[in-house]
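Each structure below is given as structure tokens.
Across the two complexes that follow, chain A remains constant while its partner is chain B and subsequently chain C.
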Partner chain A sequence: MSSVWMPCGDYHQSYAEDHGWWQTRFIKFKMLLLLAVIFVIIPQFLSGYVMSVASMVGYTAMGALGVQLLIGYTGLVTLGHAAFIAVGAYTSTLLVLQFPWPQWIMDAGLAYPISVLVAGVFGGIWSVLFGLPSAKVKGFYLILTTMAAQFITVDFILTQYVSRIGGRGQAFSLPPGTIKVGPWVIDSEREVYYLMAVILTLMVIVLANLLRSRVGRAWVAIRDNDIAAETLGINIVWYKLLAFFVAGFFAGVAGGFWVSNTAALSPEHFPWFWSLWLVGVILIGGVGSIHGAIFGSFFMVVIMELLQVGVIPLADYFPKLLMSFASLKEMAFGLAICAFLIYEPNGLAYRWWQAKNYFNLWPFSY
Partner chain B sequence: MEIFSMTLITGIMVGGIYALVALGWVLIYKCSGVLNLAMGELTLIGAYVTLSFYEAGIPFVPAVVLTLLVGVVLGVLTERIFLDKLIGEPILTVIMVTVGLSFFLKGLVGFVWGYDTRVFEPPVFSLSPITIGFVKISPVYLWSFILAIVLLIIFVAFFKYTRWGLSMQATADDETAALSLGVSARFVYAAAWAIAFMSAGVGGALLGNINGINISVGYLGLLVLPAVVLGGLNSIPGAIVGGIIIGVLQNLSGTYLDQYFPGGVKEIMPFAFMAVFLLFKPYGLWGWERIERV
Partner chain C sequence: MARTGQIKQGETLLKLEDIHMSFGKVAALAGIDLEVKKGEIHSIIGPNGAGKTVMMNCINGLYKPQKGDIYFKGERINDLSPHSRAALGISRTFQKIELFGGMTVLDNIRLGRHIHLKSGIVSGSIYVGKTKQEELESRKFIEEEIIDLLEIESIRDKTVHMLPYGLQKRVELGRALALNPELLLLDEPLAGLNLEEVEDMARFILDINEEERWKVTCILVEHDMGVVMDISHNVFVLNFGNQITDGPPEEVQKNPDVIKAYLGEEDLYSTRR
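Then we have the complex of A and B:
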């Protein structure tokens, strides 16, 4: 990990140390502090509105982590990630609503957690299905097959067939109290927030661990030069499909989580816009780092909230602004992506890294 | 048989419009290497600009000509503001800038013109069908096709025979050599974007005549992507053939598959076909096969 600066005179003496999680005591302290903030301080002291925004950040970050894995670490550009999130959300909902669970599972509140795991597996398999062309094509052609995944899954299969199961028409409604994890019913911002924090933390741990293992190094090798990677003995088709599976799994779990955050599920929650949004998030956050996915989600969600807050006072004078806020949001998002790519191509994660380096040597930076 | 031939002919006529838009896409890609995902939004803008001129009382053909002029201005502006700075950047960066651009343009269209479906009022083409031989087709398709083909021929002739077109061809072939012969790359890129805006704009105006104009015209513009992939990314004949194939495929599947898979089979069939097609011919019909070395 080249991003860690060791104190002067300290050296790693084994590879295990070199790859260790917490290489200095400061890092350990910092990460524990972060966990404390996430799990104790935010839910205890901040309002429900802040927590709902935080849950949105978390949901975006869950999707963005999968996209980051595909684009930032394996070099497979995907523009159809919302499809896999949608598959996860629908799997989870259908399982919770329609599957004949044994009574003891219902009593123990395990139905929803199990359904989220199954949703992850389903999302992964679906993602591998559309990742299969990556064995043969790459670059722009691959982008188009992932786009095809989006249109086939969301606009066709989900809208036309899956949504009609049970004769509900367009949306599945989730009555309050359906979503239960163990003894807790997920029905307020606070519970949704806790669920989000747990899932996101687990995802980050899983992804970070994968990336510092053999699998992660193979992915990075494929990203940097796939032909060279193949000559080194990496089975690139297998590893590409594995990347698709893991990203699809994350997407499926994210979809399963989204079910807890909404009262009714419809295909409109997963438009192509959302796939592009996730890619935009990692571009703004920084391609090729886990920090990037999280910074990007934070930045985009908070900026959009601020935009909304900023537009409301103007609405008295220009009512059109609020009416077509969706358009305004799209314009702002488009401009943000263009501006970041042109003027700040390394994203927010790079600035974070620079700031960290500056303070590492501060105040004696010579 | 009559249904089949009617579907086929309608497909070819709609395909002509796709071919026109696809030509614009391929020109950008050939000249500057930019893979443009904003084509749908360019189509959308063209449709609305034509509609605005038409509603201001200008007849349809002059309105289309004015749209071409607006297209030139917008194309050059887009190239100068957004894409000029990205020459030589990685492919993902450039693609995503066009995605950002597409968001921006879509938001702009929604903001200025709203989301309701609008139609050309009074209708540009008469509604009673014309009979040619034994098939009946509506004049909208016929005239759109003719206009699309005329523009297609003009663009291809421009590309082949004029000095500007030749300099664009030279840049597409070998950029460094073209630069050393005194071709201005900046001019060529700007010209490519201008042509793309023009072709997409007219395509949008014609498509808008068929079904009315709303945000989904942008989706029709997106169908250009399967078309260019089928033809191979850097082949102009490929773009034309691909556009027509997509048009035919779309209409045939709408007619024949809809009874088995009710719903939007017509919309997704081009993408599904393309995904399968790529498994067998990864470079399209006439695209350059890139041989990669470490």
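Then we have the complex of A and C:
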């Protein structure tokens, strides 16, 4: 968590300033600009296609933040995060479709937001359930228990039982107008985008705040040295489970959000590959940093979109390319991870940090 | 700031009674009795493999002795986990440095304040009001009491794994102190330091033991006899799990068993020269 060097002449005069997020006027300006781009420029001036890609980036980032919290900050390697996203998606869908909401809640448009929150809590509890082995096992063995979460949840419980609720066969579909936040019906790219931007911003705020307070420090301590953490008064098991809960909560909310985008739901949306993908995202973005998760999501989604755009003209000559695009995607994924592990194991976030330092120090070299 | 302890200076703070600990057939501790009075520096010495660190781990809770009782402030703590013992006021440093390598010096020391802070996931994620207040207060404490004492102002924002060994030892002491402990276990705080660093470290230990502000009782495991004999009030000698003697340094130095255990048999010692 080494921070960027302060530009010459900027000093902190109180501890509060030193604990703040946006420590200089320039950073404040930069961040406000970023928020303006996210909340005004993209949704108002860019096409629906860009917004749908951005929503995909956001969805990936929501999942990746949870994975980042587990792997990057607490050191608990997880390969079953898609399961918790699935739990969130199914919980929120079932609640929206089947729960006997009182009329005033329906009128106020609160059914969906409440469902998403409940989905988060449920995802968190589900995640804690599969995090329980972390009290005893570490590393490689923990990877296997989290993988078990994936197969038990998605391939077994959701596919065999939950999907059959209501007698619809394999997929749920949400009729138009059911997904409503207050007075806004979420039914176009722009509304989905706004929903994504708000949720993702809140998640980043929550995670960043946690990481600068007691809980987050305990997580990082467990990652770096669990024995020392224990002797300093940290109940390791409790904090590991707390990490699983928060990561599962994020996943559940991400799942609940995703429903608004697809308006349909089936277990194929949450394959094991998606769990692996999220780990790849944080490897590429940079393990142990919040912007790593976001950079990684951005990179992966945009690369895949470019790949798709690039493949379409080639399809005239190689018709098989389009048909086997899924495997092409997996290949690109593998290649990207290999390339990053070899050439930039610290990920994009480290490059970003280097660039910031370079400009802070410019024109001097150190 | 000091915890409302019933224990006054000079009364028994920690008591080990007949501690047995073995790993398989190897008896690491065979019937150890130790009594540490509040306010003293009690050293544990002995040759390599004598069981000094095992003893520390038993006090600290990382190991659970198979037989025997450990009392802290009159309360039996055998069944408490390390983190609940930390909450009672037992803090420690390690022989091999066990810092949180990826965190900054400041965050390492902040982590030591863990048991004194209250925020949970909800209050922590909002970070206003009480959480912010307690973070600021803890920062003030760390800056004024610990960073100032240990003279590590210039490295507070450095990542720990980049620091030289001597400074890492100092940061580890700072982290243990941040707990505001009543009993501090120091496992070879001087190992691997150069002369100047040894002097500094010995001064810090004396400071935290004697200053009105701290008055921390210390258990010191150390090989540097000069320092041990100079600063300890009592010295406990251990040899292959057996207690040899326990008393003021002057007595211990004259004890023939200690000389035997530490320096080898007299004639063997002379033939080597």
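Keep in mind that, in the parts below, the second predicted complex is superposed on the first by the 355 of 366 C-alpha atoms of A that agree within 3 Å, B and C clash if a C-alpha of one lies under 4 Å from a C-alpha of the other, contacts with A are read in each partner's own complex, and residues count from 1 in each chain.
We adopt the following convention: a residue touches a chain if its C-beta (ideal position, glycine included) is under 8 Å from a C-beta of that chain, and two chains touch if they have at least 3 such contacts.
Worth saying up front: this structure is predicted, and the values here are computed from it rather than measured.
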Quick check on the chain A-based superposition: chain B and chain C, clash or fit? fit
Determine, under the contact definition given at the top, whether A:206 touches first (chain B), second (chain C), both, or neither. second
First (chain B), second (chain C), both or neither touched by A:246: second
Which partner does A:19 contact after superposing on A: first (chain B), second (chain C), both, neither? second
One more residue to check, A:131. First (chain B), second (chain C), both or neither? neither
Vertex chain A; arms to chain B and chain C (CA centroids, nearest 10 degrees): 80
So in the superposed three-chain picture, is A:155 touching just chain B, just chain C, both, or none of them (first/second/both/neither)? first
So, does A:220 touch the first partner chain B, the second partner chain C, both, or neither? second
Based on the superposed arrangement, let me know which partner A:228 touches: chain B (first), chain C (second), both, or neither? both
Comparing the two partners chain B and chain C, which touches a greater set of residues in chain A: B
Once the structures are superposed on A, label A:292 by its partner contacts, choosing first (chain B), second (chain C), both or neither. neither
Answer with first, second, both or neither: which of chain B and chain C does A:80 touch in the superposed model? neither
Chain B to chain C: minimum CA distance in the overlay, Å? 6
Those residues of chain A which chain B touches in one complex and chain C touches in the other: 225, 227-228, 231
For a test of understanding, state which residues of chain A touch chain C in their complex under the given definition. 1-3, 15-16, 18-19, 205-207, 209-210, 212-218, 220-221, 223-225, 227-236, 242, 245-246, 288
Per the touch rule, the chain C residues reaching chain A in their complex are 60-62, 81-83, 86-87, 91-92, 94, 98-104, 107, 110-112, 114-115, 117-121, 123-127, 131-132, 135-136, 139-140, 143, 157, 159, 175-176, 179
Along chain A, where are the residues that touch chain B in the complex? 71, 77, 79, 130, 132-133, 136-137, 139-141, 143-145, 147-149, 151-152, 155-156, 159-161, 225, 227-228, 231, 273, 276, 279-280, 283, 287, 320, 324, 326-338, 341-342, 345
Footprint of chain A on chain B - complex, ascending: 35, 37, 82, 85-86, 89, 91-93, 95-97, 99-111, 114, 225-226, 229, 233, 261-265, 267-268, 271-272, 274-275, 278-279, 282-283, 292-294
